[in-house]
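Once you scroll down, you'll see the structures, which are given as structure tokens.
In the two complexes below, subunit A is the common chain; its partner is subunit B in one and subunit C in the other.
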Partner chain A sequence: MLAERVFETSFSLQPHVVATVVEDGAVLLDLETKYFFQLNEPAWAIVQLFEAGGASQEAIEETCRSWGATDADVPGVRALLSRLHEEHLVGSAESEDLVPAPFRGPWSTPTIERQAEPLHTLVTSAFDPSIPLAE
Partner chain B sequence: MAAKDRRGAVSMDAMPLVSVVVPAYNAAGSIGETLNALRGQAYRQPFEIIVVDNASTDDTAAVAASYGATVLRERKRGPSAARNCGLRAARGEIVAHLDADTLPSRRWLRDITEPFSDPDVRLVAGNTLCYPPKTAAERYVQASKLYDTERAIKREEFPFAPSLNLAVRRSAALAVGGWDEDMPTGEDVDFSHRILTRFATNIAYAPGAVLYHHTRADAGALCKQAWTYGEGAGQLYLRYPDELRWDVRKSAVLAIRLLDRCSRPPLCALGRALGIVPGEQLEFVRYQSLWDRHFWAGFFHMYLLRRRRFT
Partner chain C sequence: MQTASLECSGDVLDLTAGPLQVELSASDAELRDAALQSLELFGVHWAPPYRRVRIRLDRRAVDKRAGGSFLTCARMNVDASEALVFASTMSGICTIGFSLRHLDTWQISAPWTAFTEPVVGDIEDLLGLALTFGWRREGWVPVHAAAVEKDGRCLILCAPSGGGKSTMTTALMRNGWRTLGDDKLLLRCDGGTPVLHALLATFNLHPQTTRWFSEIGDLEDLQRYSAWTDKRRVSVDRIAPGASAVRARPTHLVRLSRNPGGSGVAVSPLRKDELLATLLRQIVVPRRPEVARQIVATAAATAAVMTGLDIAVGDDAYEDSAWLRKIEGAL
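Here is the complex of A and B:
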């Protein structure tokens, strides 16, 4: 059961999180843990709302409604916010500064998926056993 | 001292215009993704994108124009000639470079230009990451840390900012004569060296300026790259004989190293057959041997032939 409020204050993307736009959304890289996170387009649109400033949960939910989300979609938005918080991808912001974000739609449940291996594992031991070796 | 905003970040309000110069040769298949990511930068200041079409035979120029980039044409082949063409045309005081097959992150431009709020900063290196590897050649490049920027800028001899992900103050680049068009590779080492010695400065590092890069995917392409990198190193030795001197000690060290590198693959293959060496180790030493042999062949091809020509 998700709490009504995920955050008591406004929040923003952590400075150590780097976003890269890809064809079907975006990829977040946590430079501290070296984990990649794949976001679909609605999730990326939400993250852009607080990419450069603080945003409150209410403001985000209101913006999602303007993008086509219904009351039934709100738990999905809160689940995304919770996950971003749990993974330390977002932190508290001192003030609210909602950044307008483009979203062409259609609306669907925002998703976030963490890659199985962190980047430093790939770099220090680049040999993924699932990839056939050139022998 | 530059002003900082309430979140501790350096204020970008006073940032001068930035020009992003992308040299491109037959990049029609990849440059769209690069330019799309550039257009989507989280950068609130105006900036211009200049694509220098380096005598491509495909639709590189048309694709670049369709993304709103200013397209210039440089007939002289080579990334240095293309970068110089962009450098001359740039209107920005800061010129950022990236390759046409790379993918910049959203904050790339913001983070790679941020150090320039310090007027003493002339050259900034970004953080280049490889895509997760899918082939043996790509696995080797990652494991050998060929594109490790931190390692490149901290080298004792000739530290450098890799050319695929850097930004430079335009006035400083012009003051040292721009990029050396006679160097097909190693030109970033040479360029960085001239900037660092002329201005007695260091390379600033921007870890948040993340850029993803495709590495060579097969052994043939990797060997060719190693050869050209070796040629570039050979040119550097010829160009800076007082600082980079080839001597008996270096010859001895290299001979031992090559002997070691060439003997490892058969030994590891034997170990693999006996079940005491993992497959990934065998793969690594094979590619390491390939890389070293081609690199040094390229090096001596350049160093000995050119030196003979000039003496």
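Here is the complex of A and C:
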């Protein structure tokens, strides 16, 4: 089945986004906004496809199918890509250079959850991340 | 607790700040004393080897100002590339730092200005910046939290400044817990196992604290540690002799909050994803990705092995030790 092209460009993780693996997926921290995002394992597997390179929507969906996703799962994958784009966590890649990612499954809908409060962008000192008190 | 050493050789003072050996020199006594006031606080002894940090203070007006691309603080902006760091403060004091493999070198330049509180605080900020770079290069992550340990359990107590970390720590020390500090800690993962280390042998306590802990004695006579707070710097031994710990493996993370008008303590579990978020809120995460990556990875590895608790503290929580037993029972 040919994928319907919703996104015109290939995806690439923004250089100001840091990814860290956690027990059940990964955490993305946006160093510009200081928001961080919790990804479940399928979402993290998808992000790894373009963490160090670029990946098109078609290539991402094709890889998801190899991991057990069905046509019914495609909207969930596209919703994740849209959300990553809306949050400015991904940008356009110059070229397509999909990096194979390990995913042991089982497949489930990829999810991304933003923490309600970002880390502070203005801090008291190099050691103290509190909001500075008024002098 | 063994305390850190301070040696003077010619014009250079040698002192330690955690895993760093600081070689301090200054062009005049006023600058040297302002720097010493900050650096002498890192009184907890660390075993060698140390990373060498050379800090030189002089009098020079520098026109350049940092934009804050690496870090934006209340009174200090920091820019950093891989090899070079430049920071400036609101009072016009600047520093430039660079690193070799085993040595960091920092030059702090202060204009001729009156040494009032903001200026002294700015020098403290710049010295703190130099130390945090050195600590991170040795794999340690600075954590702005309190910690206590007892019988193989180690709690990291998290709250914003003024959120009750010191008071809760003092209360737990009364119940036989030993402390690694109420404010500044270092965290590292050794082979995947998180380790906390103490840095300071002093607490910052509000004089009102003695309302619940009369054994500490009157704090009103002690000098305020800064113009911005009523808190006083008190040695751990004055609070509870022999209750200092140097190193521990964290097992529990406690998110502390005040419950004004409430009574006792309310204890509930903290969700795993909130646990990592809570720990990260106690850590300064600069904007440079390679630095941020090390910090978040260390925090995530630590959060993975800890159990989280949410504790809301009511107005009368420290008047009855039964509330503390409730906390201990929830661990």
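Please note the rule applied: the second predicted complex is superposed on the first by the 114 of 135 C-alpha atoms of A that agree within 3 Å, B and C clash if a C-alpha of one lies under 4 Å from a C-alpha of the other, contacts with A are read in each partner's own complex, and residues count from 1 in each chain.
The rule we apply is simple: a residue touches a chain if its C-beta (ideal position, glycine included) is under 8 Å from a C-beta of that chain, and two chains touch if they have at least 3 such contacts.
A quick note: this is a predicted structure, and the numbers were derived from the prediction, not measured.
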For this session: Figure out whether A:Ala52 sits in contact with subunit B (first) or subunit C (second), or with both, or with neither.
Result: first
Exercise. After superposition on the shared chain, which partner residues are touched by A:Pro15: those of subunit B (first), subunit C (second), both, or neither?
Worked result: both
For this session: Mind working out whether A:Glu61 is in touch with subunit B, subunit C, both or neither, as first, second, both or neither?
Result: neither
Problem set entry | Which superposed partner A:Gln38 touches (first subunit B, second subunit C, both, neither) | second
For this session: Identify the partner contact of A:Leu29: answer first if only subunit B is touched, second if only subunit C is, both if each is, neither if none is.
Result: both
For this session: Go through the superposed model and pick first if A:Glu87 touches only subunit B, second if only subunit C, both, or neither.
Result: neither
For this session: Indicate the residue numbers of subunit A shared between its subunit B interface and its subunit C interface, in ascending order.
Result: 15-16, 18, 20-23, 29, 31, 119, 122-128, 131, 133, 135
For this session: Would you pull the subunit C residues touching subunit A in the complex into a rising list?
Result: 71-76, 78, 118, 124-125, 128-129, 132, 142, 144, 160-161, 184, 228-229, 272-273, 276-277, 280-285, 287-289, 292-293, 296-297, 300, 303-304
Problem set entry | Residues on subunit A engaged by subunit C in the complex (per definition of touch) | 15-16, 18, 20-23, 27, 29, 31-32, 34, 36, 38, 113, 115, 119, 121-133, 135
For this session: Name, in rising order, each residue of subunit A that touches subunit B in their complex.
Result: 12, 15-16, 18-23, 26, 29, 31, 51-52, 93-95, 117, 119, 122-128, 131, 133-135
For this session: Flag every residue of subunit B that touches subunit A in the complex, lowest number first.
Result: 6-7, 9, 33, 36-37, 40, 42, 44, 103-107, 129-130, 132-136, 138-140, 142-143, 145, 207-208, 210, 212, 219, 272, 279-280, 282-284, 286
